[in-house]
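Consider the two complexes below, in which subunit A is the common component and subunit B and subunit C are the respective partners.
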Partner chain A sequence: MTLALFIALGLPLLLGPLLGPLGRVFGRRVGWVAFGAPVLATAALLWLAREVGLPGSRVIEFPWIPSLGINLSFLLDGLSLFFALVVSGMGVLVFWYANFYLDDHYEHHGRFYAYLTLFMAAMLGTVLANNLMLLFVFWELTGITSFLLIGFLHEEESSRVGARQALLITGFTGLLLLAGVLMVRQVGGSFDLSVLLREGLPVGEHRGWLTAAMLLMLLGAFGKSAQFPFHFWLPNAMAAPTPVSAYLHSATMVKLGVFLCARLFPLFNEYELWAPLLSWVAFGTMVLGAVLALQSHDLKAILAFSTVSQLGYLIGYYGLGPARGVEYDYLHILNHVFYKGGLFMIAGVVIHSTGIQDIRQLGGLWRRLPWLGAACAVAAATMAGVIGTTGFLSKEMMLKEIFEAMRPHGTLGAYAAGCVLVTSVVKVAFAARFFTNVFLGPEPPAVKEHFHAPPLALQLPAVLLATAAVVFGLAPMLLDPPLHALSVAGLHHPSDHLALWHGVTLELAVSTGVLLAGAGLYVWGQRTQWRWARISPALRFDAFFEAGVRMFSKFTKWLTRVLQADRPVSYLPLILVFTLVVVGGWTARALAMEWRVFDWLATATGENGDWLRAFAAALISLAVVGAVLLKQWTTQLISLSIAGFLTTFYFVLYRAPDLALTQILVEVVTLILVLVLLGRFPRSAERGEHTWRPPPLRRALNLSLAVGVGGLMTTLVLWMNARPAAGRIGDWFPAHTEALAEGTNTVNTILVDFRGFDTLGEITVLLIATLGALGLLMRYKRTPEEYRQGPLGPAGMGLHHPEEGKQ
Partner chain B sequence: MMGPQSYIFERLVRVVFFLVNMVALYLLLRGHNWPGGGFIAGLASASSLILLSLALGVAAMPRILRFDPVRLAAAGLLVAALTGAAPLLAGRPFLEHFHTHLHGVPLLGDVHVGTPLLFDLGVYLLVVGIACKLIFVLAQSTQGLRALVAEEERRYSSPLEQPLEETAGPDDGKERTDAD
Partner chain C sequence: MQIETALLIGVLFACATYLILQNSFVKILFGFIVLSNAANLVLLSMSGAPDGREAPIAGQGAGPMVDPLPQALILTAIVIGFGVTAYLVVLLYRLFLDQKTTNAAELYADQDTSEHT
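This part shows the complex of A and B:
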């Protein structure tokens, strides 16, 4: 079992990064190396499905961070295996397709397949994850790889915009998912889905928290599945190469939201908000997506909006699902994979062979591509729900369930039924348009001019998917055993056998009516030449989103400029006032409550009375006063240095040789650093000739801030020292340093052993900060004029005060 | 900091340089049991190098230190991280340290050796590299020298073509010239 799981999930994860360098060696042929990943994964998953003993489930776990309850834990049950098989099976077709689609006109094949393979691994990881934290990690990995794939043709503006939108939306909603996961863990006590599903969520006082967690997790699902108000990123993601659109943005990644709803269904479906929230949003998105698909002219945009619409249905389906469980969700998902994956691949072949993406400029391709035309006819018929395809089965069941749901749900049910009817009609219209206007009718001259025949192998996956739609559509009993085996307790209710013919029922009548109405809508559209069809920006939302992103960027720039001005004088007061108010206020409150503190203070000062220390402290104070009062910068600096070296002496008095050594060396290096920088200052400033006196009010503020913060720090230090010690950590380290760390220098054992991880982090930060400083220094380039003014140049680096010039 | 100004100073620094580094090495090695350690030793070595640059002129330093000190720092981080990661291979927790006692080593007698020393060596290299790099770069810029050679500019500059803010300082994009 472990080995099979490794082949399905670990192998693509390891293979992905290798494909990049391999691509440099093999060129476009690297795709065939990558092709092995989905094939092996599918085989391994099928073997796992047999071994698990469906409808049972199995958990495979490896420790990762056991102390936090985060483990590499995988849940193999019907739901995860169904989605995993969809991902890997579709992966086989898409990798095959990509090998013929990405010809030598494209570059960086290695990188492309690396991203695609990593994406597949991330998808498999997400659906197989048992630990919610692991699910989140893989969830975000799918978002990142999707970003890289959408932006693959990054020379094009639309690619970059689409990639950024997808990353921002899915990344942001992914963080909401993380928040929800953490809340579930806090209340439910476990990250493990298997545990949560077995024991259920606690009922009672935590209901509010769990409702909030549900909302956050559903927002995560909405973002990933492009539900309103996030529906605009998916059409913009179509800037990716078509294999990516077919794989990520129709068949797999966008279904993660559906997957999450299915996973959460047993946990949350009885909550008051579950049904209304999912239904209102998802069914609304369904209508919106369908209308936008009808109004689009770009082949891929039509398909993208229709995907948004179908995802709305799939999510809303779980919203209306009865508590005893849903029945036909797999059928709906599988049906969508068959026709939408197929249509995307067909659109890809058309774009590939004609170079045209606008449906109004296409036509008459049937004679040139009969196989593809037939596949397209079947796929479009499946989308429309014509009898004899899986689409028909799906639509029959959809109508049946929606009519059933109308009774318990009242208004909500009626709303959903209305949405489903409208959408079905519109869907028939754009399905008809997709097939008819591309493959039938006269052939425009542009097509004649550009057409070059695509290889038959490129058309194969689409034909296979269309065949599957017909075979299962005509013989639905073939679908029964696997779907039954994959059903999951809690989520599914045993369904009736699928059948092609249910007799003359209400659903059949409605279905026929829908087909006729849709055909009518198509004919009307043809007559008006679709002139009315232009998407209003108010419906697409991406203009708002882009404006929001720009506003946010402006806001942060403004904030940065205010808080991070060149001169500390302009932002230090803000920080100090904040410190005084928060820390000072808290200290005052605590002092008011603990009157004994003054007794401690009295005893502490009595005990620690030591004339040598007092003498050192007095000298330090003197040096500091000198630093403040002296006029010339060099003397100020020397005075400050004296204070620093006297502090070293103070450390020696406290028997802390390590600190003293460090202090001496830090003083030396800092002194040199400041001296070097002083070389930049104009001579007059160095001699203290330019003294800028702030206005009296400002001086008063500065003075009070200085006294206030100084007083606060003194109080805090005295207080901490005076407080009777209770189990101080300072005593623990010296006592254990020899036994545990085999060293007698406690300071050093803390640094390298007890707190070695901290040290590692600190030195990493040091290196990062240095690289950042070098980058900043690079930004400061002097102009030739400045160079002409001599080696020191003008006083630069923001040292001139703006008001200096006026005086 | 304008290059060699005093013969006495220069000769003296050449001697002091080795003395300081001997002390730094001593501090590094004894760190685990007596006052000392990687950070302190690193600062000592860095100040010896800075002293050398004061005596010989910072422009002469690239000839003495033939590599970018940042590489030294990166190597230090690598040493520390690898020391931490090594126990993972044996299935032990990250950053676990191991010790051994050697008896009767010539000249030194009984010696206590452990992986903390390797970790400290990493800290030492990093501190030396960073302190030197920053001070040299700043010193060069204040003396009108090119702060970073062309190769370094490529290495440390961001690939951004436009400045991050519109309010960026004067930057006409021309190559600058050395002033002296």
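This part shows the complex of A and C:
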């Protein structure tokens, strides 16, 4: 079984990167090498399905990061095998189709098939994964490969825009999925789906977390499956070559959201948010998609919007599903694969042979492509739900279940039923339009001019899919055994046997009514030539999104300009504001919570302060404020020195004779040094400063910042002193200074004995400062030009002077 | 409680911040000198109120002593602060020699125009 799994999943992963180089050798024939991947995968998966012993399940696990509970773990059960077979089976048809579609007009065949093969592998990995982290990895890999595929024709802007939208939307919602997965892991204790499904999620106090996790994971599913408000990326992703559209956007990638909902159904379906969220969003999307499809004129856009609509139905279906399990989800999915895959391929053939995408300029292709026309008629009938096709079965079951669901769900059920009815009517209209306006009617001259016959092999996959729709539509009992075998406990409820004719029931009556109403809408549309059909600007969410992306880049540019100043001095206020807000805010919060600030003030005023100290402090303050207010440098410096010498006195009051001595020395030397410096400056330099004053706003900012910093520091000092120290390290030093260091002055022994290395570091700093100062003094004087040119000097041997050239 | 020290520290920090926010490099230098004094006082306030205590010299009196550790740290800080001040002074001198200005606004105004033309 491991080998079969390797053939299905590992082989395409390994083959993918090889196809790029191979493409350079083989050209477009590399497609036939790639064709092997889906064929082998399908065979291997069929063999696996036989071996697993359905409806049982099997887990295959290889260790990857066991310490984090992340392993290469694969869950083989009905659901995963069903989706895997859809992916690989559709892959066979698409790879075949691509081999004929991508003729020599295209370039880089190797790269194309590499992306496509990798995409298929990623899809298979996602649906087969048991470990949720592994699922997320493959999920994002599908997003990345689909980005590459959508942007394959990267010379066209629409391709680039579509690819970017798809990547942003699916990538972003994928991250939400990751967040949900991590939350489930925290609460549920395991990344493994098999474990979670077996043991269920814990109920009780974690319900809030689990609801949040469910919301996040569902948002991931909505993004991937193009549900409102993310629905707009899918139509724009149609800029890809048609095989890609047929594969990614009808049959596989967008179904991942559906798959995820199916996987989560047993875990979450009883949460009260599950049904309303899924139903409101998904059924709303269904109607919106159908209406937009009716209003589009581009072949692929019509199909894309109808895909959005159908995905809405599939997801909403899980939302309304009863707790005992759903019955016919596989039927709906298969039906969609049959007709949508077929229609995409038909659209591709039409575009390929005429070069026209606008449905208004097409017509009369029946005479030239009878086989394709027949296939299109069947596929359109399936989409419309005409009797004799799988579409009819699907619609019968859909209506039946919606009517059943109306009873337990009340308003929600009525809403869903209304949405389904409206959508069905609209769908009939655009299905009929798609067929008749392309294949019937007179042939426009543009078609006559451009038409070149496509090879028959290109039409084959579409014909095959249409045949399947008819065969299974006429003989639904053929579907019974596989569907029963693939059903999964917890998700599915054993379904009745499928039958073509259920007798004259309510569903049949409604279905007929829908067909008639749809035909009426179609006839009216033909009469008016669909002139009214245009998507209103208010519904162009893609345009809003693009505008948002542009706004975002503008915003970041603006932010960079505002925050990044050319002058370093402008940063200081910013840093100070930040510090004040963070430290000050935190302090204020802590103080407000404790209400101790009043206690300190009470003790502070209650104690007998030291008057001598208060006097000294007042004098120092006066001197420093003087230094700020005085105009001339020399007087400022003198004022500053007075403050410094008074600080010496303050140290004495704090019983610190050594500090006082050092302070006097340093103060004297600083005074002399700065005086020498100021003496070097000409008078004009000082006078120039008085003429330039900063604007009043800036002065106010400076002032408030200064007051804020001062206030904050006062508060912090008071706060620190309000907490009595439990025990001081400092007490140890006086007790041991005589015994260990043979000295009585504890401050001195600390510096030279106990903490001698600190003093060594201090001396080193002084040495570095001296060397730096020496270097500054010894450097030769540079001209402003040299200064501007930087340390490298001018280019061109010093002969070239840019300044002269400017003048 | 050392409320007068706390207030003094607040005033010193406020003045230092105001000076450093100026455009004149000389004032920024003055601001730095005030700032290092203020930081020293913060450290000093950590040794607790000195009322009724003795200088940290062992074997002189029987009374309690002030905490010697902040004093040792401040001693280091004063010297390093002086080293940095001296470096700043020389840097300012060099700047004046090269750029003929002692004002940040002038210095960068010159650069701005050269960048935009």
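As a working rule, the second predicted complex is superposed on the first by the 560 of 807 C-alpha atoms of A that agree within 3 Å, B and C clash if a C-alpha of one lies under 4 Å from a C-alpha of the other, contacts with A are read in each partner's own complex, and residues count from 1 in each chain.
To be clear about the criterion, a contact is a pair of C-beta atoms (placed from the backbone, for glycine too) under 8 Å apart; a residue touches a chain by one contact, two chains touch by 3 or more.
Everything numeric here is computed off the predicted structure, so don't read it as measured data.
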Is A:Val717 in contact with subunit B, with subunit C, with both, or with neither (first, second, both, neither)?
second
Tell me the contact category for A:Lys557 with respect to subunit B and subunit C: first, second, both or neither.
first
Once the structures are superposed on A, label A:Thr746 by its partner contacts, choosing first (subunit B), second (subunit C), both or neither.
second
So in the superposed three-chain picture, is A:Val25 touching just subunit B, just subunit C, both, or none of them (first/second/both/neither)?
neither
Would you check which partner chain A:Ala643 touches, where first means subunit B only, second means subunit C only, and both and neither mean what they say?
second
Between subunit B and subunit C, pick out the one touching the greater number of residues of subunit A.
C
Given the touch rule stated above, what does A:Ala453 touch, subunit B (first), subunit C (second), both, or neither?
neither
Just checking: does A:Val625 make contact with subunit B only, subunit C only, both, or neither of them? Give me first, second, both or neither.
second
Where does A:Val504 make contact in the superposed view: on subunit B (first), on subunit C (second), on both, or on neither?
neither
Please identify the positions on subunit A that touch both subunit B and subunit C, taking each partner from its own complex.
657-658, 662, 666, 669, 673, 677, 680, 744-745, 747, 751, 759, 766, 770, 773, 777, 779, 781-782, 784, 787
Residue set of subunit A touching subunit B in the complex reads 557, 561, 657-658, 661-662, 665-666, 668-669, 672-673, 675-677, 679-680, 741-745, 747-749, 751-753, 756-757, 759-760, 763-764, 766-767, 770-771, 773-775, 777-784, 786-787, 790-793
Report the residues of subunit B in contact with subunit A in the complex, numbered from low to high.
1, 27, 31-40, 43-44, 46-47, 50, 54, 70, 73-74, 76-77, 80-81, 84, 94-95, 97, 99, 112, 114, 116, 119-120, 122-123, 126-127, 130-131, 133-135, 137-139, 141-144, 147-148, 152-153, 156-158, 163, 165, 167-172, 174, 176-177, 179-180
Which positions of subunit C touch subunit A when the two form their complex?
1-15, 17-24, 26-27, 29-30, 33-34, 37-38, 40-42, 44-51, 53-60, 65-72, 74-76, 78-87, 89-94, 96-99, 101-106, 108, 111-112, 114-115
Partner subunit C, residues of subunit A touching it in the complex:
566-567, 569, 572-573, 576, 600, 603-605, 607, 609-610, 613-614, 617, 620-621, 624-625, 627-628, 633, 636-637, 640, 643-644, 647, 650-651, 653-659, 662-663, 666, 669-670, 673-674, 677-678, 680-681, 685, 688-689, 692, 694, 702-703, 705-707, 709-711, 713-714, 717-718, 720-721, 725, 728-731, 733-734, 737-738, 744-747, 750-751, 755, 758-759, 762, 765-766, 769-770, 772-773, 776-777, 779, 781-782, 784, 787-788
